[in-house]
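Okay, got some structures for you below.
Across the two complexes that follow, subunit A remains constant while its partner is subunit B and subsequently subunit C.
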Partner chain A sequence: MDKFDKKYTRFEKARIIGARGLQIAMGAPVLISTKSYDPIDIAMLEFEKGVIPITVKRMSK
Partner chain B sequence: MYKEMRLVDTVRIPPGKLGSKTEDVIKEALEEKLEGRVDKTLGSIVAVTKVVGIEGGRILAGDGGVYYTATFDALVYVPEMQGITEGNIVEVAEFGAFVCLGPLDGLLHVSQIADDYISYDEKNARLVGKESGKSLAEGDSVRARIVAVSLNEHEPRESKIGLTMRQTALGKLEWLEEMRKKEAEEAK
Partner chain C sequence: MRLAKKDTVKALERRGIDAKTAETLCNAGFTMGKLKKASIEDVMKAGISKTSAGKVMEKLSKIDTKVTKTTKKVKKEERGAVTPLLIDSKLKGLPLPLSIIDELRTYLNKVKPTEAQLERILQMSVDAYERARIEPCEAVGIVAAQSIGEPGTQMTMRTFHYAGVAEINVTLGLPRLIEIADARKVPSTPIMRIKLEPEYARDREKARALGWKIEETNIIDVGSIAVDMAKMQVVIELNEKILSRRNITAEEIAKKVGAETNLDVQLEGLKLTVNPGRHSYRGLLQLVEDVKGITLKGVKGIHRIIIRKENGEYVLYTEGSALKRVLQFEGVNASRTKTNNINEIAEVLGIEAARNAIISEAMDTLREQGLEVDIRHIMLVADMVTAEGEVKQIGRHGVAGEKASVLSRAAFEVTVNHLLDAGVKGHVDELAGVTENVIVGQPIQLGTGDVELMYKAKE
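Entry: the complex of A and B
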């Protein structure tokens, strides 16, 4: 079961990192300190740290 | 007439502004989007005064912006049919005079100024009555009734408001004052 206990599915993860990466690319303030200049890299680091201010609304469960 | 309305609208917040306080950013975005806009059912939106509630914060695919649904208070000018307004004359033309009603200007056609033949005095840029000698020039204050409203949402400047002063108690404020004095004297 532990495999399915993760907070987000791989689809949600992709959507969150994608959306966050686009925000960063378009000038949103970065929430972590990093030397990276790649918005996708930054978004993935933020995702791992759990600091992305995005939640997923699930329609049914 | 000015009205205060509680409205709901969706605004896009660009990613660059996400760092600041949401409420301030949304107010700014609403001001930019709505102030100066003319709506057929609402009227002319003058100012967004207060953001009351914020809902959501949706992220759409392919757009880095965040969309919020906000409830807010706004100050709106509604030109109401048959409404009485006062204003100053801002421009005089051959066919009539333009009266500033606030956010919008109204047209007072020559035929609607007084029960008299009105001619245009080009040299002095004013309109003169043939029999009464009444004159109307830029800067005069008048009281008029709104008789036609045609708002253009896409081109607010193209909105047309028609006025009349051919009724009792309407006209240039000085004329009204004279009328009142005359009436008071006759009563004596």
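Entry: the complex of A and C
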């Protein structure tokens, strides 16, 4: 069953990218090299590369 | 439309037909399916010369022969099929529900795939299952409500019509759906479908005899009741034909009536006289009513039985329902007999059976109206309604009324009562649910609102 646990749901993905996007918008150092200036874009790229230092806390298990 | 045409043109070109011919064919309204069935003459009608029409047919049929060749190849591969043991071991570790694994096992043992095919089938099954899974935090309740509610609005327009078994009227459509949701103790038209054991199911006479045994027989069914004012007694005239058909004798009736009324009963031929002994007019009329209500034979509540032949076996349909007693009759196949009275099922067979009954009843009513609702929505409703061990109604006196949160209950119905009651008793609302949080203006525990973030250190 742990196969499912590794994947993020679409809600978790949105929440992580949203939170990271906010950080970048407020001036946090970007963790990848990109030409983009859009914080959400950058956050999505970071998410795809797996460099965002955020994960989700899962209640039950 | 245009897109479909383009696709057809492309598909034809892939099969080696030149673009011009392909286009004219499509403009004439041909699709791939139609073309395969068409003859040369049909194709020529679209304005194509005989030679190119012949080419088209040839190319299309060539494709067909190729297809048949590949299927032959697959058949050859099947000879290297895997053993049932391997299938079992492969199935064991799969993250699938047991019912699906069972289904896969029977299917795989039938088709006997090769090992490579087996791997692919299993992988595809797992993928399909994962695709069908709902993600955590999804608002399933809302989706279920909408998915049942929308077809429900379509039903109100053409409802209140009867269908079903021959002469029995069955409540269908929206009224029936409401009945299920309200968890009424007795449905407005209780019906049973009694399936019989093989020896009864094949023999019409045996089936009919069993039917008479089960059907409730009252005095009114076997004769007429009259009041003799002069002698102050009740007179019952029995009908001989009906008596023999129902396999009951006048003596038996006399005995039964005597036992039920505790009065002196005289039998002369087919005439029964009941003498009340007391000389009150009202008492006499009351006695008539009492006598009418006596059940001579059969199961109380089964008013009528209809025998039908279905798929080569005789099946009894009843008006009225009494599952517990009917199941005890010899010749009744208990595992295939059903009733539409959900509460009765819960009492006799348990809450799981009631859950299944709710699902199948709701699905059947919807399907009967030509509406296809995904079974999982209905399953969710059935689960909510039966989760606490008894069939609860959806509304105020059931699921909605028993919610833990005061605010949530107040938002539904009888607001003031709930708030006043909570105030008097000093209840605390934990704000754990969705409705409460909407009321106080907080993010709700659904979707992104239910995700808690956490710092993740670099590995």
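Following the convention adopted for this analysis, the second predicted complex is superposed on the first by the 54 of 61 C-alpha atoms of A that agree within 3 Å, B and C clash if a C-alpha of one lies under 4 Å from a C-alpha of the other, contacts with A are read in each partner's own complex, and residues count from 1 in each chain.
The rule is short, and it goes like this: a residue touches a chain if its C-beta (ideal position, glycine included) is under 8 Å from a C-beta of that chain, and two chains touch if they have at least 3 such contacts.
All values reported here derive from a predicted model rather than from experimental measurement.
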{"item": "Greater residue coverage of subunit A in the superposed arrangement, subunit B or subunit C", "value": "C"}
{"item": "Partner chain(s) touched by A:42 [first = subunit B, second = subunit C, both, neither]", "value": "neither"}
{"item": "Subunit B versus subunit C as contact partner of A:17, first or second or both or neither", "value": "neither"}
{"item": "Touched partner set for A:54, first subunit B, second subunit C, both or neither", "value": "both"}
{"item": "Touching partner for A:29 - first (subunit B), second (subunit C), both, neither", "value": "first"}
{"item": "First, second, both or neither for A:9, with subunit B first and subunit C second", "value": "second"}
{"item": "Subunit B/subunit C common contact set on subunit A", "value": "19, 54"}
{"item": "Complex contacts: residues of subunit B adjacent to subunit A", "value": "14-16, 18-19, 59, 62-66"}
{"item": "Residue ranges of subunit A touching subunit C (in the complex, touch as defined)", "value": "1, 3-4, 9-12, 14-16, 18-19, 52-57, 59"}
{"item": "Partner subunit B, residues of subunit A touching it in the complex", "value": "19, 22-29, 54"}
{"item": "Subunit A-facing residues of subunit C, complex", "value": "95, 130, 133, 135-138, 447-448, 450-458"}
